[in-house]
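This structure is in structure tokens; I'll ask about it shortly.
To keep things simple, chains are lettered A, B, C and D as they appear, and every chain counts its residues starting from 1.
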Amino acid sequence: MPKDHLEFEKPLIELEDKIKELKQFMQEKDIDLTDEIERLKEKSERVKQEVYSELEPWQILKLARHAERPTTLDYINLICDDFIELHGDRNYGDDRALIGGIGKIGDQPLTIVGHQKGKSTKDNINRNFGMAHPEGYRKALRLMKQAEKFNRPILALINTPGAYPGIEAEERGQAEAIAKNMMEMARLKVPIIIIVTGEGGSGGALGIGVGDKIMMLEYTYYSVCSPEACAAILWKDASEAKTAAEALKLTAKDLLELGIVDEIINEPLGGAHKAFKESAELLKEAILTNLQEIQSFSISEMLEKRYDKFRQIGEYIEHSRIEVNDEQQDEVVNE
Amino acid sequence: MFKDWFGSKSKYVTVKRQKEKSKEKKKKKGKGKGKGKITDELWTKCKNCGEIIFNKKLAQNLKVCLECEYHFRLNSQERLNLLIDEDSFTEFGEELETVNPLEFPKYESKLKKYQEKTGLDEAVVTGEGQIGGHRVAIAVIDANFLMGSMNSVVGEKVTRVIETALNEELPLIIISGGGGGARMYEGMLSLMQMAKTSAALAKLDDAGQLFISVLTDPTYGGISASFASLGDIIIAEKEAKIGFAGPRVIKQTINKDLPSGFQTSEFQLEHGMVDKVVGRKEMKDVLVRILDIHSLRGEVNA
Amino acid sequence: MFKDWFGSKSKYVTVKRQKEKSKEKKKKKGKGKGKGKITDELWTKCKNCGEIIFNKKLAQNLKVCLECEYHFRLNSQERLNLLIDEDSFTEFGEELETVNPLEFPKYESKLKKYQEKTGLDEAVVTGEGQIGGHRVAIAVIDANFLMGSMNSVVGEKVTRVIETALNEELPLIIISGGGGGARMYEGMLSLMQMAKTSAALAKLDDAGQLFISVLTDPTYGGISASFASLGDIIIAEKEAKIGFAGPRVIKQTINKDLPSGFQTSEFQLEHGMVDKVVGRKEMKDVLVRILDIHSLRGEVNA
Amino acid sequence: MPKDHLEFEKPLIELEDKIKELKQFMQEKDIDLTDEIERLKEKSERVKQEVYSELEPWQILKLARHAERPTTLDYINLICDDFIELHGDRNYGDDRALIGGIGKIGDQPLTIVGHQKGKSTKDNINRNFGMAHPEGYRKALRLMKQAEKFNRPILALINTPGAYPGIEAEERGQAEAIAKNMMEMARLKVPIIIIVTGEGGSGGALGIGVGDKIMMLEYTYYSVCSPEACAAILWKDASEAKTAAEALKLTAKDLLELGIVDEIINEPLGGAHKAFKESAELLKEAILTNLQEIQSFSISEMLEKRYDKFRQIGEYIEHSRIEVNDEQQDEVVNE
């Protein structure tokens, strides 16, 4: 069994291995085990359904971080009929942890930006594990402003543990880069679709995360901070990360309920890493459907809706205002 | 709530507010989490130079060490005292009460603790007032309240003060001093306040209005990565610590010691992130001069 | 003037043009100032790997070394051959003649020498043509003419091709390959062409039109610090040298050796200045794909 | 005699020294030398007029580079009733060789950017001798775009030997920074006044050099390259710099004739370094007069004029177009 499988995937993997074994045995020994195999297949399907229908936040987080999960470039290549990666922020550098470019799905042109994780350790070092520096956010902004110039919709694919916390990132204004992007994305005059495809790590995610529709793949998370960090700070115990993952309400389902996320994009049973093509198809469908919806509004309507979407986020009690008059403190007027 | 101290005509207060708000009491209760903590009711030892300073003298000197010019942190009320013309402040947004939307363990008790400790409802005070005779909309993040972290109410209050600036065509000033970033207890609701406030600032910018962001010690995380970095003009108070990621996180990540002077106001100036580093004593004067220049429109093209 | 070579219907020629323009003659006369010089009529020695290559084979391989993929410089005609669909090119701007406005010593003789050597009137060829069926306005700077430096005529021709792109709503492509920057012989008149062409590009940008800048070896000085750096998309040909100041000037100034790979296309990619580094053989394909995507407008908002 | 005096200033300095000497002598010995002194003063005045009325390009270049010439900040402080320097490009750094800020002259608000040279060797090292890096040009652009937001006119004071030619400047895109500034300055919707106050060094000057009016102080130069570099390249002999200075047509007078410069601002006799206040007064007057003129146009007229100003620069012969017909090569039509 490969190392990359998660704890809760074990019973499934075991069943699948047994099925393979029986099949081989049947072939080699010429014994009919069809019924046995069929029974196991059914069981495997049932267990899968069970396991994946009641995943805990912590398990979803593990899936979201799965090393074999499709990356941004995987999705792009599967979705687009053509894609040309474009580089550089025209200021300082080219960040390989946050990529971008122009492409098309059928006759629909798109500007795409997204965090890029690596496929191997070496690749991951090259990609800085999908943790962008300021120049990554600035490249994304440059490409998104260009999209606006050419009236081209924007797709942002989020998959990052967070913005890189390092000396150079601080020197070049990580905070400024993220803040600027949010401000500009709020007013870009083209449709913007945001999809969390893996990890939605805090400000690093939000730096390309303002748009008309925010969607999440089924087994992804989006969080104000990593559960590990949260546990270390609030419980003073990193092993409480599971508890933190629960408390932070970071799954797609939680965030749909909280009104932060607009839509959940289903993944194939077992997770996106089990079926790249199928996942990409689902993603593509969600993109095109939502794009059509957004494009049914005028630009000013679209921008208004985008603003309102973020404007209404937040929960609090609003007490009725009481006017206090200096002379007559008792006179109370409800507004 | 600063009505008594400022003698201003605060028009709105909430019904529920019944807490004690004595200034003296707060000082006593102050745990002194920040640097330069108050060690005694009468005397304070400077964290920087070790000088023992008579509190009254320290206050008279705007909480700047008389020996080494170390800038002690100010709370929101002291900050407003420093900047706003006398009798000109009206507070906004007192009608908002923080809830526990995620039912996060222990959040309510934390809130209560800080509300009692600081006499504040939340980590920001917003309102309008005059600075050198210029009417402005203003928000002050208070680092004493849960590290000045951003949650639903802080985001909402900041957004509303931006909207007031927009609707009443006032210059906007936000004094940031929050080391807590986006508040974990409210999860993504906190994080999204970064987007919400930034979007509101985009509208203010589109309307051609002035936003001066003043960064004080400490400005980090969700505060620094949203409105604090979006000022037309960004002023940093001398020697403040300003950054995105906290020094501990960076140290852990890179597994190296951080260079001295890292993430100070002066570091940010050198790296092009702030327009000006200003000592506390000159802060009001600088703001007034900026407001003066912006109040002039001169000749416009025919 | 490329009429014969391209068989295109060039509509305008100047009266004065009477020079010999034999392609063969040019090659013989070529002093081979650039790298990878032609050492013989039949054979060329690769400057990079030393390989001796049969010229015909080299030409068939788009002047890319068959051994090491070293990219020999192309002149403007070869570049157009490479990129423009057959029979689709029409040249512009032939009616402009360079003068000696400052009466700069020896300028006329220099001009004459390069006109004879290259068969060109000036350091740029402009026109319109099709690339993969997309009609485009195009300019090609020719490094063989006075190092591809910018003067009044070059600036004017580039500006006019920008204006054509603007008026006829064509995508604009400028192939830069000028190591000479702003031409000294015309003094400030040359320098100001940087501003003139940049201002024209601002208009094109305001109109929402596409400008692809292609940087080839060498792109420096007044060329790189104006239109060459202003593409919506900037493509650098593999291994080209691109920069602001020339390596000799930098070396003199800093009194140190320059790092290897300094100012190459790959260096510019790493430093965020170009969108893509493309080998010569893929150049046309990449341009066609970019033009394809930009020709799609998809659904626009209702 | 201080070292900083130029060769051609010598006879003047000698006369002035002699006048001082006589005055002192008169006082000490109580001898009446009034006539003598008066005569010398007249002579001094006459010589000054003579020397400064027929300065050669090379001499003007020396004056433009004079170490004691008022710097950008000197002029700003003398001209403005208030000025607040603003720093940083919000990307990478703060360039001390190219400064900027907001200020006012009377009730006229201004955004000012300009190259800043040092007053001493130490100061000059700090200011990189007025040679900006890309972050300098980007700071200027940031401030100028802000000026546009607040409908504030822009004043750009040019005084640089050129943009810095160094490794880091190349790494951060010196060419891009200068090009971008020219493009943006061409379309900023506020009046832009450009004044060369000392050295107008090539692209480094032009990086803040696009505007509605280009003026030059009397003893300044603006050139496609330094005469020294020109001589080294064209004459293969740096000592031919004088010849090059002549050939390049780099003085204010030459450039006014060539139609590149709109106006020459007189300097006090002897040069700006002899009379800071008077020079600043002349500068201020030129700024306000020209600003008033520019503001008499609507924004679209202003932008059109600005465009046309640069559009028409360049000298060449335009031959009449001859239509060549493939079939009838002889049929020639003048358009």
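Just so it is clear, a residue touches a chain if its C-beta (ideal position, glycine included) is under 8 Å from a C-beta of that chain, and two chains touch if they have at least 3 such contacts.
Owing to the predicted nature of the structure, the values given are computational and were not obtained by experimental measurement.
Interface comparison, B-D versus A-B: the higher number of contacting C-beta pairs is recorded for A-B. Taking each chain's centre as the mean of its CA atoms, A is the chain most distant from subunit D.
The distance from the centre of subunit B to the centre of subunit C, each centre being the mean of the chain's C-alpha atoms, comes to 54 Å. Work out the mean CA point of subunit A and of subunit D, and you get 53 Å between them. Inter-chain spacing, taken between the CA centroids of subunit B and subunit D, is 43 Å. Rounded to whole angstrom, the centroid-to-centroid distance between subunit A and subunit B, based on C-alpha atoms, equals 32 Å. The residues of subunit A that reach two or more other chains are 90-92, 172-173, 176, 180, listed in rising order.
Among all residues of subunit C, those that touch two or more other chains are 205, 271-273. Taken as a graph of touching chains, this assembly fits none of the simple shapes: it is neither a line, a ring, a star nor a complete graph. Those residues of subunit A that touch subunit C in the shared complex are 82, 84-94, 102-104, 107-109, 135, 139, 146, 149-153, 191, 291-292, 294-299, 302. Residues 9-16, 95-99, 101-102, 104-106, 152-153, 155-156, 159, 181-184, 186-196, 198-203, 205-206, 221-222, 224-230, 243-246, 249-250, 253-254, 258-259, 262-263, 267, 271-273 of subunit B are the ones that touch subunit A when the two sit in their complex.
Those residues of subunit A that touch subunit B in the shared complex are 163-167, 169-176, 178-180, 182-184, 186-187, 202-203, 206-207, 209-210, 222-225, 229-230, 233-234, 247-250, 255, 258, 260, 306-307, 310-311, 313-324, 326.
Residues of subunit C touching subunit A in their complex: 205, 208, 210, 232-233, 269-276, 286, 289-290, 292-294, 296-302. Those residues of subunit A lying in contact with subunit D across their complex are 90-92, 134, 138, 172-173, 176, 180.
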